[in-house]
Amino acid sequence: MKKLGVAIVGATGAIGQQFIRFVSKNPQFNIECLTASDNSVGKKYSDSAQWYAEFGGEGMPEVVKDIVITKTSVQEIKKTGNIDIIFSALPTEESKILEPQFAKEGMIVVTKSSAFRLDEYVPLLIPEVNPEHLEIIEHQKKAKNWEGAIVADPNCTTTGFALTLKPIYDSFGIKNIFVVTMQATSGAGYRNLSPVAINDNLLPFIKGEEEKTEKETLKVLGKYESAKVAPANITISASCNRVNVDYGHMEDVFLETQKPCEPEDVKKIMKDFVGLPQKLKLPSAPKHPIHVREEEDRPQPKLDVNTENGMSVVVGRVRKCDIFKNGIKYTLLVHNTVRGGAGMAVLNAELLVSQGYA
Amino acid sequence: MKKLGVAIVGATGAIGQQFIRFVSKNPQFNIECLTASDNSVGKKYSDSAQWYAEFGGEGMPEVVKDIVITKTSVQEIKKTGNIDIIFSALPTEESKILEPQFAKEGMIVVTKSSAFRLDEYVPLLIPEVNPEHLEIIEHQKKAKNWEGAIVADPNCTTTGFALTLKPIYDSFGIKNIFVVTMQATSGAGYRNLSPVAINDNLLPFIKGEEEKTEKETLKVLGKYESAKVAPANITISASCNRVNVDYGHMEDVFLETQKPCEPEDVKKIMKDFVGLPQKLKLPSAPKHPIHVREEEDRPQPKLDVNTENGMSVVVGRVRKCDIFKNGIKYTLLVHNTVRGGAGMAVLNAELLVSQGYA
Amino acid sequence: MKKLGVAIVGATGAIGQQFIRFVSKNPQFNIECLTASDNSVGKKYSDSAQWYAEFGGEGMPEVVKDIVITKTSVQEIKKTGNIDIIFSALPTEESKILEPQFAKEGMIVVTKSSAFRLDEYVPLLIPEVNPEHLEIIEHQKKAKNWEGAIVADPNCTTTGFALTLKPIYDSFGIKNIFVVTMQATSGAGYRNLSPVAINDNLLPFIKGEEEKTEKETLKVLGKYESAKVAPANITISASCNRVNVDYGHMEDVFLETQKPCEPEDVKKIMKDFVGLPQKLKLPSAPKHPIHVREEEDRPQPKLDVNTENGMSVVVGRVRKCDIFKNGIKYTLLVHNTVRGGAGMAVLNAELLVSQGYA
Amino acid sequence: MKKLGVAIVGATGAIGQQFIRFVSKNPQFNIECLTASDNSVGKKYSDSAQWYAEFGGEGMPEVVKDIVITKTSVQEIKKTGNIDIIFSALPTEESKILEPQFAKEGMIVVTKSSAFRLDEYVPLLIPEVNPEHLEIIEHQKKAKNWEGAIVADPNCTTTGFALTLKPIYDSFGIKNIFVVTMQATSGAGYRNLSPVAINDNLLPFIKGEEEKTEKETLKVLGKYESAKVAPANITISASCNRVNVDYGHMEDVFLETQKPCEPEDVKKIMKDFVGLPQKLKLPSAPKHPIHVREEEDRPQPKLDVNTENGMSVVVGRVRKCDIFKNGIKYTLLVHNTVRGGAGMAVLNAELLVSQGYA
């Protein structure tokens, strides 16, 4: 197995730390470079990062402790060795400037930033859902004149949502979807939300989240044809809430299919659903991307969020929705920092490697 | 002002205590009798009840401390004095047996039980929404051969929901509604839910709640005609969740109106909405049954649940819903143990008194 | 290895379920019998118990699902097979009556009840601390005229506390101890505490807990001599609080030793501490009964409660206490339902087996 | 009544907002000036501050909404009008530089910063405990060559603690004290603590808190004599924890008195305790600085934190402590952002005005 050189940019923040947790477990990847803001540059990683990710039950991986932090610039990153893949946890504004520079220099950038998610040349990738969108990369390289490429991860809410829609969309078609989310506090960033604001409370608003959920899902489910992704022809209406749960976004979904279908049909196709990562047996791929629970009170974040190490979406309460002629409703749970975060970024990179992109 | 004799049956439980809090503040009502299960009978109230309701910031009212607890039977209750109104916090099965006995003896029973909510002769009352349904009482008396009557309170979720629907229904008509609830733990009963079950968690299921929300709302909004209430011709699809909040149910509503309407129209009719309790200036009536917030992140249970002493529903995020031709979505907050509980039961009783029923 | 027949009495409650979790993992024990209250008798375990213990991340063990629940009586238990060991999760009053009956019939009773903890003939056992107290059993059998015996587990708070005191007591002697506990909600029993009572709150009182902590600790640390345990000559003053944490009791300890000692001494003897279970390599024994953390902000329940599967106590912040001439203060964390509950009961049973008592 | 001109420096942060809440309610004070960091200067207060303090149930006071924010400098503040009193919510490092400049210009600085708390010329004031320490001000002015003065508030933990010690110290003397604190999250600053870090958890460490509690208490209880405060001759040993409660620090206190005393004695002197603010009937003074609860499970933050608008300390569980010859233990609750924060700062200012210092 060819080893690939990896840089994690924005490595001291919450997403950066999650990247470190997941990338460090994958023997295919060598972490060669960690970057952070100027006041950390030159320090050892273990001296500059307060390790939040231990809430996952693990301390800082040994392999990164002694890495000296680099400035987030193409020049400095290149000095650290042969970097094939960049995992980017940069803020949106920095992403816009820096990620194209990395791509220009031949690196494959897997990014959690929203900066390029809706760029027509950038695949918005969920490996089980739309691996064929990777073909855009060739057009991206030409259009942007890059040697490398940018591949974007959808936001955490979209990831769980689109995964559960995929088998339904393929088998029955989907016309309309209402979705209400109840999202975990870890999704707010580590220091953006006060305990006093969320304890004994819930917040009925998350800035930009409804728009992202509505638009990104249509792109992910869209059809790749003649160098373009045509958004899926579905109407989505979302309402997003923040609840006092550490990890795991819950989503109540009501949808109208094109063709008639019964709850039992939906459960069956969800349970049977597998994608390219399962066929290729990629290291981070769960055996079943979707688990279906039959109990009346599941999924629950506390009990189910770590299903298949947090890489599976858990669905429950699949039942008829009488408003629509062909109506189905269900509840889903997605681990927002694993399947909706660093775990899927690593799976994305594994797919890119397997398909010869990196 | 005529003083009315009141008995509270099931007075030591959580709902019973809330009845005590609210009834004891109303100078129109004299609490003459408190009943509880056999092991409390004969004890002073202050010796037999662990006072939960202090979470509302108040201790046990002085007027009930020395009341000796009576057995929950018609005979024993009648011995305590002249009882005009029974506030019933009995469990469903006991309600079915005992409440008709109270009504037969000429008492007006205001009940939080679900036992008779869907009985065709029992008004399911929200004073601002359907006071005209009280006319069923005459038919109830005849059909059941009772001197008194039973009037039912809707469940807590329905109460907030139907209040916000009423002005929209009257002005624009409503065809379809999706509603997702995020309900407070106090609604589960004081000892029915372990802290370990709900801390850092949410539960995607509340037994019977979706069915109640769907059916009760149609009855409340129904038209009274020729001695009957015809359910409103609306289709409702609900999904109910329990979240780790003490007080205040939040509900995300998506609806399709008959006639076109804009968010500004909806906000205006909600703000302007008043009902009979406001016109009659009933003591427990809020000035505005519905408050509309313009901030993007309101209502929140922690900040808004006590609006007008918990008797107002707070609405926010009124906006277009693009799935429907005439679509509106919004979030509402209702204080589940006040407007959705004892506070409204007292308002119901006040309306009954004002209309000559008690 | 001889297989031992086990009955778990009170098997449907929270402690009973924890017994099932731990006993079912130990290949030495065969669960032959589960008992519960009358309304469960005759039903399969999987049909009668709501499985709370899944909060430990595991569902109901397969081996108990089909066991038909027996009445909690000697006669009925004996009918189920050859029972060597009873794990008792009975309420105190039932324990007082039934546990002696089991012992009389030759069974070894390992009990979480407080009924016999301070009985002079009953060993109050923490296997690493006072295994020599098991010698009382011979005197117990004679005095009570039993063929079997009762062995009691200390309460959860005492268990973690006494474990950390043991090495200090042996090396330096102890004169006085102040201890303030901050105890997890799971210790309150599954349905004894409302979420509304503890959310955004802490309770400065736990009935009987301070007395238990003060008295049981002295017995556990006491000296066995001439058929008796003389309580340790230490004065303890406790203050016990309930905090909103699921699992893990924290305890702040301030103590005065007989001989001078430095924090570094205390840390060393704690780290090095092992007892008979470690020497015998009993299946449930942790490698280190005490873990010492050097970070300034550890232990924390969320991060450390599962150290060595919850069987180790975690100590931190060991430092001087200037009030005493020889003063030390530290913080400890004990998993209240594992090391302070069913996990240690199983370890106690393993020790009893290894020493030929069962 | 003479109206006094007030500036609040650091007005957009959490402490600054609490100052605004309390100062704006006091008719004696006119808020003339609000300062903040450079990116807020020139904006209206309502446009630049995200109003956290609404968690106290109140929105932003009208009187500050239109105030244009000033730079935090003596020159700019003086331009805004005649400033008699500065309420300072500056970070420690800025306090060290700026507060002396304000004092030099003749202003009275009431500060929550820890910068000058242990300065021998600065009174560390709790108005009921040590008003006589204000006499240091004359020496401060001479020694520092200031026209104005600096008066410091103790930290929140010390405030509640010292208030309850005062009557005991005066009546019986105190030799030794152990104190374990369980402190609210609001004390951590609004954005310094992640919900993920504290939810379902407690932290056994708060940086600098134990040292502050130990040292500040001795100064507050110290004797003023010949221009100096001699620290009280007590030994204190503290252990400080952060718990998941919004408002209200709980403290478990164990102490040894010089003279014998019984719990009933302690309760009586606490209940009877009044200080100069009560005698002078200062507007923010509670009627009773200490409330004593007799229930076995009080105080509780959720139920008791707002006693007398949060200005009273609530004590419970006063009982013997057997370790000491003359030993007492009890639990106290102090509202950390009111009595331990802005509420007391305003009371301090009121005392200064009444005594002719401002």
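We call the chains A, B, C and D, going by the order they appear; numbering starts again at 1 in every chain.
Everything below uses one rule, namely that a contact is a pair of C-beta atoms (placed from the backbone, for glycine too) under 8 Å apart; a residue touches a chain by one contact, two chains touch by 3 or more.
Bear in mind the structure is a predicted one, so any value in this text is a computation, not a measurement.
Asks: With centres defined as the mean of C-alpha atoms, identify the chain lying farthest from chain A.
Replies: Farthest by centroid: D.
Asks: Please state the rotation angle, between 0 and 180 degrees and to the nearest 5, that superposes the Cα atoms of chain A on chain B.
Replies: Chain A sits rotated relative to chain B by 180 degrees.
Asks: How far is the middle of chain B from the middle of chain D, if each middle is the mean of its Cα atoms, in Å?
Replies: It comes to 43 Å between the two C-alpha centres.
Asks: Can you work out the whole-Å distance between the CA centroids of chain B and chain C?
Replies: 46
Asks: Can you list every residue of chain A that touches 2 or more other chains, as numbers and ranges?
Replies: Residues 55, 199-200, 244, 246, 302-303 of chain A touch two or more partner chains.
Asks: Please give the residue numbers of chain D that touch chain C in the complex, ascending.
Replies: Touching chain C: residues 176-178, 180, 182, 200-205, 235-237, 239, 241, 243-246, 250, 252, 254, 296-303, 316-317, 321-323, 327, 329, 331 of chain D.
Asks: Spell out the residues on chain A that touch chain C in their complex, using ranges where they run on.
Replies: 54-55, 57, 199-200, 302-303, 306
Asks: Under the definition above, what is the set of chain C residues touching chain B in their complex?
Replies: 52, 55, 185-186, 188, 190-200, 244, 246-247
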